[in-house]
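Sharing a structure with you now.
As written, the chains take the letters A, B, C and D, and residue 1 is the first residue of each chain.
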Amino acid sequence: MSLPATTDSSLLERAPLILRDWLTGLLPGPARWAANGLIKIVAILAVFGLLFAFLTLAERKILGRVQNRPGPNRTGWFGLLQPFADGIKMLTKEDIVPRAADPVLHFLAPVALIAFSLLTFSVIPYGRFLLPVDMDASVLFFFAIGAATELSVFMAGWSSHNKYALFAAMRALAQLISYELPLLLSVVPVVLAAGTLSTAGVVAAQSGWKWGFVPHWHVFTPWGAAAFAIFMVSALAESNRSPFDLPEAESELIAGHLTEYSGFKYALFFMAEYFAMCALSGMAVTLFLGGWHAPLPQLEFIPSYAWFSVKLLALLSGFMWVRATLPRLRIDQLTRLAWKFLVPLALINLGTAAFWSLTIAWAGPLQPLRWAVSLALVAGPFLLLGRRLSTGLGPRTYRYA
Amino acid sequence: MNAMVDALWLIPALPLLAAGMGALTPRRGRRFAAGVAIAAMAGALVLSCLALRSALAAPSAHLFHNFRWFDLGNGVVELGWLLDPLSALMCVMVSLVGLLIFIFSLGYMEADENFARFFCFMSLFAAAMLGVVVANSLLLLFISWELVGLASYLLIGFWFHKPEAAAAAKKAFITTRIGDIGFLLGLVWLYDATGSLLLYDGGSGVLEAGVLGNLGTLTLASGLAVSTAISLLIFCGAAGKSGQFPLHVWLPDAMEGPTPVSALIHAATMVAAGVFLIARVFPLVSYDQVLTADPVHALTVVAFIGAITALLGAAIAVAQSDLKRVLAFSTISQLGYMMLALGVGSWVAAIFHLLTHAFFKALLFLAAGSVIHAAHHEQDIRRLGGLGRQMRTTYATFAVGMMALAGVPFLFSGFWSKEAILHAASEWGVSRLPLYAGLAAVVLTAFYMTRLLCEVFWGSPRSPEAAQAHENRGVITVPLVILAIGSVALGFLGTPAWPWLQSKLTGEAVPPHSLLEGGGLMMLSIVLVATGIGAGWALYGRRVRASADAADPFAAAAPGLFSFLGARMKLDELYAATLGRMNTFGAAFSDFLDRWVWGGAVGFLALLGEFTGSVNTEVDESGLNAGFNSFSERIRRLGRAYSGAQSGEAQGYLRTVAIAFVVLALLVLLGGSR
Amino acid sequence: MSHLQLCLAFSSVLFAVGLTGALARSNSILVLLGLELMLTAAIMNFIAFWRFGPSHAPATGVIFAVFAIAVAAAETAVGLALVISVYRHQRNIRLPEANRLRG
Amino acid sequence: MNAVLVIIALVTVGAAVVAMSGRNLLHSVLLLTVSWAGVAAFYLWAGAEFVAFAQLLVYVGAISMAVLFAVLLTRRSRDDVAAPPASRSRGIYAILSGAAVAAVLLAAVSLAPLSSAPTPPPSVTVRQLGDQLMGPHAASLLVIAALLTVALIGAVVLAAGGSPGNPEDEP
């Protein structure tokens, strides 16, 4: 999957490339290759670092509005400087390591976590010309790295010899393993439809418009909508966001695996959570919302990375909205939701996608039939499984943990 | 027409779908399950009729539709289905009889709480059988074949809470499995020899001249043609399924299942499968006729097995006292007739008899079922009787079936098909024994059917159940009437005067010839039938027994023979005594080895010690003892070492493996054996 | 030493390490992990021969590596289940004590 | 090129050695994860992208998780994870046999007449892989699927089967 030619696109579109070329142009030849890579890394760090900073602020503001209070508004104009104040506070705090703790793991956990979650940014196409690393199996890469992040949560929980932290570690393992499945299974239909595992290819597969105004995004197909929903729910769980934030359930586990962390390490965990959120949202945008494509052909003059950012921010605000709205689940409800609802639904959805791509040739009167069958395949199981899910939420029975 | 070929897969698919839906319906969904099953069978029947029409349009053509199932490395597994008069006729027969039996079961099984499951299994059974019929690939045929076996297991053991039923199901499954092993070996060998399992593949199918020609060139070391060996192996499977001697033992026990099951198994589906299989691969089976060097021809074996089975079944049926068992043994003997026909080379006659037999045997079984249903599951003919007055429809239809089976001349279908078989047998060059066996079986058949009719329907009721039995509802009697019509009318499709069936099946026009040629044989068999019926009437009809425990007149005439036949010629006991004891013998033999051979070796070594010790007496004593002690000590140590190796420690085993690997690798490396 | 030989040496050393661990440790989970390591080392050879081997089958090496990884996953699942049930029987997971099959 | 391979090999084998000789079960598992990741790096180096990521996903993502879970489930006190070192004799046996196997294997590798010419990497895209899987290797795919299903069911039955009241659980 090679990126399209840089000509025949607007100046604004090519602005990042021009900037990069100018910067590397300043360097002697041999250093340019390194500089290219370095620039990408720096760009990612800077952009998402800032994004993280302002996301914390935005989250607190939004939560404030929802809970009918102003939220931080003292530091700077509308509290815009609040995140930097927090950062300074975190940096200057003492870094406490419990005596009984396992020092190596205790130190490694946040480092590994942040490293992995940064790695996931490397395969997301942010714009028409902005794909840091283009490889053939980048979707697989994304999820492989994402799976690795679970390890560090466990390390954190284990290393800080603390009952709550250990419970949190167990829960984190159970939860992350459980939701790994629906996450991956909801991606498989997209891979099936696009016929490729590379993010660039997936985005390219969603280009174009039907009748000139309905974009060919996967979310506008029955299976795509279902997969998108499953993906977002699993993403909530994978990034330990409310209502799935059991590992750090304040009310029962103090702060879960973060209990023994303070200062900058805590900040790293915090950052990693937001990075995971951003990465998963970016992947969702890439897989389902047409990546950097503009929703309408008339709007293509706006540069692609702008469109990507808009979609990304929309999803992120969705995350925050959910957090502000929904109460936390119980651990058994959590696993039941994963195994009895999401996984079967995702499997059936895979079948739906297969049907959809098999009947790609149906036209004329068959087209409505195709839609009807797919919608039935999506809605029927949803209703049936949903009914079974809502029944029998009995008293909690914990076997382990 | 081609569209019909492509749609042929629907015929087995519909009942299969019904079975799937039946499996998913809850137990209370009785009406739904039955409705789905019957609707599916009706649809299959309609499709089969269409298929038959398009097949009869071009009788000599073999229309097939092959498709690749999946790749196996470089090879490709291909399946397919086949449309020709044979398969089409079988489809119609199976689906029609099956449909009637389904309708009958509506009434017969209404009291059973597992109604839905029953129809699910029945649909599975019918689907599997239809799959066997339409398959164009021996692999697909084998798959459906095994499905038939499975469904029969499920159905015979449907009342699994009865221990006899469970045992019978197991017996049927295992016995047929014995044959199927042979079948499978035959398939593997055939694939190895020809590289294909498709029957017709536009020149490269195993039933087509080119492949058969190549196959004919192969012979084993013993001079036996490979095609003969393969045919015999395939015949093993056929013999197992359609209850040929010596694998017939499962069939009577299969009567433990519900009566519709017995009807389905013995009339339309399971037992027909074997005969159909041989008829289907007839080009292959009969190919070795041209090889004069062949010591034995496959068809000869088939003919003799068939003859033996026909005679044996008929003889045993004479002395059975269970209504359904009599019919079961008569089925065995009729199947023997069909095999006999195949063996003497007239597969058309075999199929003709298969079709007619399907109708009148289904009729007989369903009529028996109607009797049993009315008499509250009383099956002992000694305790029945006098039902002719109470159940007129059943009586009439049963009589029709009985006459068709007995081969009463001219009006009934059984007569014509049996005539065709006997005619073919009389023209067989190899031997005349099969003909004589067939003729003898004719007498016996007429005799025991007359006996059955008299015992059940004549005279006066001999038990309270029989006394208050009354005619069943229409849902049970209507299928009987339809089947009765069929078992009369079907005969006229294949009379010598108008050989419609023969010409359609073979594809070339068979010249009609008058009834008079070969009329002597016909006269003879008519006389024989008359003799049998007369004897039966004389023994059982003139004076119907008064009470249930009155002695059987035939038993009074020849008690030893009667009891011998009544015990089914003691064949089950024979098997138990031989096969069952074989492993006991094996155990005893190894025990003997242990005791004498190895022990003998020990004794021999001891003697050696004695010999060396016998140089002089001092050394003698010490040497002898030393010899003994050291030897036994060595044995003991060896044993201890071995048992010590079984440390139960996984890692110990792993270590052993590692060391062994090192040793072997060193051998390879240093030995330089590459 | 050619690339292929380097890779094979790599995998065989890894194999030996796994074997040693599986033999030395008494904790059954560690033994299982040693076996996993041996399996991984074996899988590496598929890739090594696919990449540097004399004959180039299009993708066979890769496909068999994928299959083998799947088998490894299944093996681990069953192995861990066995460990857990062993733990349920004898309140620890020391393998040398799980020797009730001693002859 | 070789340097990269050597570095990968050193990291992988080193992590494996430490893991196999370590005293803390948790550390061993995590170090093994490192060495599995090293193997994944080897695949990447050899140009088998897909296998590398599959390795990462399966081993680092799934197997290590399952193992950690098993570790946590099969300990009574938190010190239980201190895996006692092997008894001297066992250790010696193990090291001896391991060394022997290694020696034999290395000897075989060095003696075997293997093509030394570095060939151009056979590039295989994921699409080709999929076609191959669905085409010539369909049968083995089916078998693998069946195996996985059976293994899953068996694992569930083994692990979840038998409540404490179950007689077969009594040692």
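To be clear about the criterion, contacts are C-beta pairs under 8 Å (C-beta built on N, C-alpha and C of every residue); 3 or more make two chains touch, one makes a residue touch a chain.
Computed from a predicted structure; not experimentally measured.
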Note to self: Please tell me whether C-D or B-D has the greater number of C-beta pairs in contact.
What the structure shows: C-D
Note to self: Quick check: how many Å separate the C-alpha centres of chain A and chain B?
What the structure shows: 63
Next item on the list: List the centre-to-centre spacing of chain A and chain C in whole Å, with centres computed as mean CA coordinates.
Entry: 34
Next item on the list: Give, as an integer number of Å, the spacing between the C-alpha centres of chain D and chain C.
Entry: 5
Next item on the list: Would you kindly tell me how far, in whole Å, the mean C-alpha position of chain D lies from that of chain B?
Entry: 52
Item checked: Touching two or more other chains - residue numbers and ranges from chain D -> 50, 54, 62, 66, 69, 73, 90, 93-94, 97-98, 101, 105
Next item on the list: Spell out, as numbers or ranges, the residues of chain A touching 2 or more other chains.
Entry: none
Checklist line | Shared interface positions of chain C, touching two or more other chains | finding: 19, 22-23
Margin query: Can you work out from the touch definition every pair of chains that touches here?
Written below: A-D, B-C, B-D, C-D
Notebook entry, point to check: Along chain B, where are the residues that touch chain D in the complex?
Noted result: 70-74, 651, 655, 658-659, 661-662, 665-666, 668-669
Checklist line | Residue numbers on chain A that touch chain D, as the complex places them | finding: 102, 104-105, 135-137, 140-141, 143-145, 147-148, 150-151, 154-155, 158, 161, 166, 169-170, 173-174, 176-177, 180, 195-197, 400
Check: Which of the residues in chain D end up touching chain B in this complex?
Finding: 90, 93-94, 97-98, 100-101, 104-105, 107-108, 111, 135-136, 138-139, 142
Checklist line | Complex interface listing, chain C residues touching chain D | finding: 1-10, 12-27, 29-30, 32-34, 36-37, 40, 44, 47-48, 50-54, 56, 58-63, 65-67, 69-78, 80-85, 87-93
Next item on the list: Enumerate the contact residues on chain C facing chain B in the complex.
Entry: 19, 22-23, 31, 95-96, 98-103
